[in-house]
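Just dropping this structure here.
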Amino acid sequence: MSTGAEGRLAALGLTLPPPPQPFGSYVEAVRIGAMVYFSGMLPAVGHDLPVLGRVGAELTTEQGHDAARMAVLSALAAAKAFLGSLDKVTRVAKLGVYIATVGDFREHPRVADGASDVLRAVFGDELLSGRVVLGVASLPLGVPVELELLLEAAD
Amino acid sequence: MSTGAEGRLAALGLTLPPPPQPFGSYVEAVRIGAMVYFSGMLPAVGHDLPVLGRVGAELTTEQGHDAARMAVLSALAAAKAFLGSLDKVTRVAKLGVYIATVGDFREHPRVADGASDVLRAVFGDELLSGRVVLGVASLPLGVPVELELLLEAAD
Amino acid sequence: MSTGAEGRLAALGLTLPPPPQPFGSYVEAVRIGAMVYFSGMLPAVGHDLPVLGRVGAELTTEQGHDAARMAVLSALAAAKAFLGSLDKVTRVAKLGVYIATVGDFREHPRVADGASDVLRAVFGDELLSGRVVLGVASLPLGVPVELELLLEAAD
């Protein structure tokens, strides 16, 4: 059995959604040398956004966690579409987790783990990413979580 | 007629404002190898900030769009001042669009297009950027939009 | 007397806190080539978070400034732990300063200078960073300031 990212993804039984499409004058990924910069990834399935609202207000922390998990699967779909295979990923440089919240929310790490735990399961402990987590006022189209992913990848 | 960025800028009739100056202990741009990291760009003309407020509260979506357009012209002025010519830009890696909003605002893509559409017109479809858009609680000095630009550029 | 970053740090009489530990499935720093991407740095001393609240609401601008100073010392501790010595830093590419605020706060530059002024004192004017400052709705665990640091460093 493969021990690469694609093998782990299959072993975990995770299904990727269709890769996301831009909502404006931009592209989903830009490669410069070994680095691949991804646009903000939303908890979307195609153009459907099944979960809207702010974590700590309309949504619970667990719903935020699940939205982060949905968004990271969308990010993996974008990465697979761009690179051809997730096995080309050699490092996750940065995971940005931006959570729509209200001012007294404090459980950001639990929400962010919804994305980080999937990355750890798929890419393994050796490729563990850095992480920047912010509680923002609002996100595009009313989604609760947006992710920013910066990968290093082989040609 | 030139088909480079400077030629397109002239053909569009766009005038760049004076390049922005730092408001503290930092510089407007840092080059590392082929990458140029720019500091946050505000909708400023010199030290004048003609538009203040939050989009969806004191300002409309269209005013936010126009502020994003003003900020990207400031970013282009910074890039031209730093590189000597916009023709040296070989790729726009990332455009971050940070919009001061209130919690129920959802029209972030329309605001962000105020910046993205100018980048597309000046740099062309081949250099289209990735994009990360957030609705934040407040921005420096009360401006409605701040941009983060990461470019790849020739020496 | 050394004129490097370690010598300046000692001459300034600054004491670094213990390097921060991750709050989830991520690491504090990722090196790719010459670049080192750090995870979000909080105003923490070990696992203790001495200052909580939002700047402009529960906290004053000066308390925010001091929290930014505390966070940058934590970031320097992380950099020293990762690199072995701060003398290996060849450039500060980016400093992100994310401040938990309410909507009418405008004194972001003063808060951010709490971090930038330490970087300038330690690394010198030649290594001055770019800077991106945002007022966010909330931050992990209720802290008032989070920093994002991107360094270029020698092997």
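Letters are used for the chains, namely A, B and C, taken in the order the chains are written, and counting of residues starts over at 1 for each.
Everything that follows uses one rule, which is that contacts are C-beta pairs under 8 Å (C-beta built on N, C-alpha and C of every residue); 3 or more make two chains touch, one makes a residue touch a chain.
In this text, all values refer to a predicted model and were calculated from it rather than measured experimentally.
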item	value
Chain C against chain A, contact positions shared by both copies (same if over half, else different)	different
C-alpha-based rotation, chain B on chain C, 0 to 180 degrees, nearest 5	120
For chain A paired with chain C, centre-to-centre distance based on mean C-alpha positions, whole Å	25
Residues within chain B bordering two or more other chains	35, 100, 102, 134, 136-137
Chain C residues within the chain B interface of the complex	34-35, 56, 91-95, 100-106, 108-109, 112-113, 116-117, 119-120, 128-137, 150, 152
Residue ranges of chain C in contact with chain A within the complex	22-30, 32-33, 35, 37-40, 54, 57, 96, 98, 100, 102, 134, 136-142, 146, 148
